[in-house]
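Chain IDs A, B, C and D follow the sequence of writing; residue 1 opens each chain.
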Amino acid sequence: MIRSKRRLRMGLVGGGPGSFIGPVHRIAAELDREIELVAGAFSSDPDRSRDAGVLYGIDPERAYPSLEAMLREETARPEGIDFVAVATPNFHHLPAVRAALTAGVPVICDKPATATLAEAEEMAALVRQAGLPFALTYTYSGYPLVREARARIAAGAIGKVRKILVEYPQGWLAGEAAGKQAEWRVDPARAGAGGCIADIGVHAFHLAEFVSGLRVERLMADLGTVVPGRLLDDDCQLLLRFNNGARGALLASQISIGERNGLRLRVYGETGGFDWKQETPNTLIQHHLDGRTELVQAGDPALGPDAVWASRTPGGHPEGYLEAFANIYRDFARQLRGEPGSLAPGIEDGLRGMRLIETAVDTSARNLGWVDFSGGQDN
Amino acid sequence: MIRSKRRLRMGLVGGGPGSFIGPVHRIAAELDREIELVAGAFSSDPDRSRDAGVLYGIDPERAYPSLEAMLREETARPEGIDFVAVATPNFHHLPAVRAALTAGVPVICDKPATATLAEAEEMAALVRQAGLPFALTYTYSGYPLVREARARIAAGAIGKVRKILVEYPQGWLAGEAAGKQAEWRVDPARAGAGGCIADIGVHAFHLAEFVSGLRVERLMADLGTVVPGRLLDDDCQLLLRFNNGARGALLASQISIGERNGLRLRVYGETGGFDWKQETPNTLIQHHLDGRTELVQAGDPALGPDAVWASRTPGGHPEGYLEAFANIYRDFARQLRGEPGSLAPGIEDGLRGMRLIETAVDTSARNLGWVDFSGGQDN
Amino acid sequence: MIRSKRRLRMGLVGGGPGSFIGPVHRIAAELDREIELVAGAFSSDPDRSRDAGVLYGIDPERAYPSLEAMLREETARPEGIDFVAVATPNFHHLPAVRAALTAGVPVICDKPATATLAEAEEMAALVRQAGLPFALTYTYSGYPLVREARARIAAGAIGKVRKILVEYPQGWLAGEAAGKQAEWRVDPARAGAGGCIADIGVHAFHLAEFVSGLRVERLMADLGTVVPGRLLDDDCQLLLRFNNGARGALLASQISIGERNGLRLRVYGETGGFDWKQETPNTLIQHHLDGRTELVQAGDPALGPDAVWASRTPGGHPEGYLEAFANIYRDFARQLRGEPGSLAPGIEDGLRGMRLIETAVDTSARNLGWVDFSGGQDN
Amino acid sequence: MIRSKRRLRMGLVGGGPGSFIGPVHRIAAELDREIELVAGAFSSDPDRSRDAGVLYGIDPERAYPSLEAMLREETARPEGIDFVAVATPNFHHLPAVRAALTAGVPVICDKPATATLAEAEEMAALVRQAGLPFALTYTYSGYPLVREARARIAAGAIGKVRKILVEYPQGWLAGEAAGKQAEWRVDPARAGAGGCIADIGVHAFHLAEFVSGLRVERLMADLGTVVPGRLLDDDCQLLLRFNNGARGALLASQISIGERNGLRLRVYGETGGFDWKQETPNTLIQHHLDGRTELVQAGDPALGPDAVWASRTPGGHPEGYLEAFANIYRDFARQLRGEPGSLAPGIEDGLRGMRLIETAVDTSARNLGWVDFSGGQDN
């Protein structure tokens, strides 16, 4: 355990030139001054890794050509990294996590956990064995009003949950995928067997379970590849049944032209409902059985401690994606410091996500209709 | 054929005291002065029918205790009714339509067509045989911007359609159904085998086909009864496949607390998309592949003739549900006068709707997963 | 007094071919079947008046070439008109009202009352002398949620009112005025001395006073003519002080490109606030001092009797401009029948509006800054 | 000039325990890794300053009891601060800026520039004399879509500007001011002569001029104190005339219950208009004369270089207040590094703001109506 309030030192894996998510990890990690990026294995090309190090503004000596080198050098130095952040394509998550944990270094890893369920199971075993802090950056669970909805539902604000709709439309892959971001995401060798379901479907899935406190236990998956020539799904529709009997649907798409990042969650219970949209994250609609509709807003005096903790500014000063991401890092910092209260997703969430991906890909391809999703040691 | 511009005379069946939809039919029919309510069989109780007649402001002599009486008297008088409007519970649609058509009187009928598919098939045969004007009040196809989206899609504005999402959440049956409106809708004897799917699901279904110009040809239905003790479905989720290969989903619910009448249609194509919400019907979002997003608004100079025809006021003067409903009546009036251009839904739409209801109820109950929906003479 | 529930007979003055507001009066008057258009003096050109009569669907015999002819003939027939509706350009209001009242016929008149304050004062004297029902169609006071806000404020929902913002941006006169609608509105001989202030500014003014229950007692006017060559103001900004000390501002414009009919009212008090927008009239925001924000919606169970009376459909079925206009006519019908409860604006509102126009035009032209607005017998 | 890409070292003045704006400056400054907080004079109480240093996570040795101490020590050390950030109450800005500039240290200072216009004039003289980088944190000019609107207007997208509405309603001072934030803002000794006008009115004023590229040259001010017992204005309304003849209004309030931070700017020109709201900053409405309405969104491909530079994430990943604030710091960093392109407000903006405050306070108190605002060397 690290002594309170020292700034934690992060080593980033991946996130080299052209990466979207690398700089996001850096900003999110450092936003609250709990953490500092001090080292990185940004690329397997030594020159590119060093260039990235300069761009990130770290000591060039600490921009390594491989994770292995970083772990070796950093664990040897007096003020080496406290943890590793993995921001590589999915297929590289498992080896990175394995190497770090083996070296005794905690890990925060991008989602989904891995490229395959088998890998995720191995990862889960490694995490359990290592007994070290581990988190997954399901970013959207970091938004203050997402946490508020979760807390209110847990406190009974809408009674027993009956219905959950989660949708995640995007349009950026409606044409032919172009650019570094798109490239690996539509390549089965690097992304894994899931396309849209793995890239954004799991976010929606995690959000639904995180906020409702329920678990999907049956599902019916309808994955499709809309853009000709593509190898992975780019549109997915799932019908869901939760472990309390609640009904639900999950709709995610990357071919919905004009949609940017339209993640939206609606949860209806016996006495009320919630409605939240990622693109206007500072407002949460709460419906009441008696007909009242409330606009709950970030900064409101009635918010509970989770939402307050997750906010930095007063009401009306919008916080967004980077701040939500930063909250996952702050949660992880709490874990590293041995403090309680972290809501950061962990390896169980990762396992569930991978199981969702594989189940959806498999059962949709085989046209199986409703299938069981209750099993597994991760529940 | 009726000579142009004479005001058409309507006889209403149903819509007696306590009815929501009866007065709506009256207002919609008369809004544009094309039609006048002159007679009615408002209730099978003679006193109640007569009271309703007084309330509607018609000649009390023409408030009849039965449709049969109305048809007999009205066809005998010099200036009798030109058509019958049927606004009774579903199970009564077929006998009413049969009686009117047999008497040589055209009919406009509330949706869904009937209580069962078998009835709808009989109704279709009657309509074809009679050769008289017939329309169904799928109200939402009367909105100006719905017709604009339809016209733009037909003109290629978004290329080939790839994906259709139609949702219709309501919350008014989240508690125990109460009041006259709710009563018959949750009673299989009067509503038919479908609850939510028959009451609002068919609206969503019709809207999706109407706007896209496509036909559902496969579907997977998941109907549920959420409120304990209820006999019909109150929440339904369908996955769809259209006849051009487009993917889709239809979500309708009557237990989504806080939702009033949240019908929303999103259609995505190869080069753009549309997004329309019934509760703010005077705005239509159009997405373009190049990243532009347009707010198309009622009254805009770029609107096509269908939308212009369907509007009465300049931009910024909101028109709503009654005006959309009135547009169906104006369409029907065009049919009665032998004028072209009507977009009013007909018996084929009615048949498709009933086939949807029965297919969804049946295949969901038997848990059949994906089923064919391409057959039938109605395509 | 007319015996209850007989349909009232209306004679329309103005509203001939090309008129926007004429058909609106007709639809609004007839919407609820309280009133029927039976006669009209639609144009001073006999042929055009007759053509309009055919278009409106009335007995061609009752389409008169002048108001005088209509009054003479109609008062002589057994079932002649019960009242006159005046929908002519402003400069013609006074003679029309004078003729009707002199003939003993009640009047409902479009706003503003007249073209000049002197005319309004004469009209007020005539109305008082005649002792007949009289109303002005300040349409926006007919919206259900406007009446709800009024009722809640009167009941103390936001405490003492402190601040009122009312804005009314339009863009349709941003270019050179074209078409029949624009023509007379920018012509001082027909519209009077006020342009934007008379056409829409008075609507905003009336709405602010109607909802708050307060009276403007001081003001500072800044009227401008933005489009070159125009003779009347097309943009106006007023600072206001109300009779309880509340501060306020009124902003109206006809050169705000892209704005359709953006009337919006915000009222803030000691313990809460209201926010209403005409273009989405079925939602009213209510702010509470404790930080809660409510979306009050048409059809909500908590609405008071005024809003309920003014609505025809359940929540989620949008009503709009025509329905609001119809509520003014229903109010007027209550007056005609001797029933209580009318909230329709009367001649006092008309006088206040004309005084506003003249005060604003005059003091702005003379650059007088703050001026008194408390005087007059109309307060 | 500092050699490119070395991280710049910041010393913060103010921002001690309980401060809202201090941590905001820290996060904003460090967000993009251009700048690092290394020292501070957080409080005049040595213990409190040291505590704040620990909280901020800097070397406790560099948490000074006074700006003077900080300047003395930091200029003497090898890797001392590169600049000072001033986040104290207004009355302390001038002495802080004077001390820093005298010591040869560049300054970024919170707005408004000072507590009085005389102080601002002295500050302007100091800045000009020192020839050192200087910026003011008018945060809202840092939003990407604000800069996009500015660039489009400069490029002629809406033709000549005709009308500007800028409003800034807040409600947090509707009750009795409480808490550290409110305390000094309602105290003339610390805030200066302006309350609402100085706290938020100047933000609105700066935004209007920044985006339009115009200058206010006449104004009419109406400042009021609504909450009993308060010494400064808490609600202000200004009518404006710009140097190209455009008309405008500025409405700011701190007693508008329910409003969080409702800054909104509307600019209308001869051929179009823009509409932007701070609370949903990632959307900008663009109106076109031909009736089209576009939703311009952060991340859109059509955005110009200023907006692209000011964004960190792809479309649909909301950025907010902290990111906008960070853009001002990045601009300032460009100045420090001698790079071109900064859009950060400078001392001229500060002077104009102070002149606005004093003019508004003075002319409103003396009820002067329209007054000249064209003079001064700052135009």
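The working rule: a residue touches a chain if its C-beta (ideal position, glycine included) is under 8 Å from a C-beta of that chain, and two chains touch if they have at least 3 such contacts.
For clarity, every value in this text was computed on a predicted model and none was experimentally measured.
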item	value
Shared interface partners, meaning chains that touch chain B and chain D	A, C
Farthest-lying chain, centroid of Cα atoms versus that of chain B	D
Gap in Å, rounded to a whole number, between the CA centres of chain D and chain C	43
Chain centre separation (chain B, chain C; CA means) in Å	35
Touching two or more other chains - residues of chain B	259, 285, 293, 297
Residues of chain A defined as touching chain B within the complex	158, 162-163, 165, 167, 169, 171, 174-175, 220, 222, 224, 226, 235, 237, 239, 247, 249, 251, 253, 255-259, 266, 268-273, 275, 285, 287-289, 293, 367-370
Contacting residues of chain B [partner chain D, same complex]	285, 290-297, 300-302
Footprint of chain A on chain D - complex, ascending	5, 7, 20, 23-24, 26-27, 30-33, 54, 56-57, 170, 172, 181, 259-262, 278-282, 297, 299, 312-323
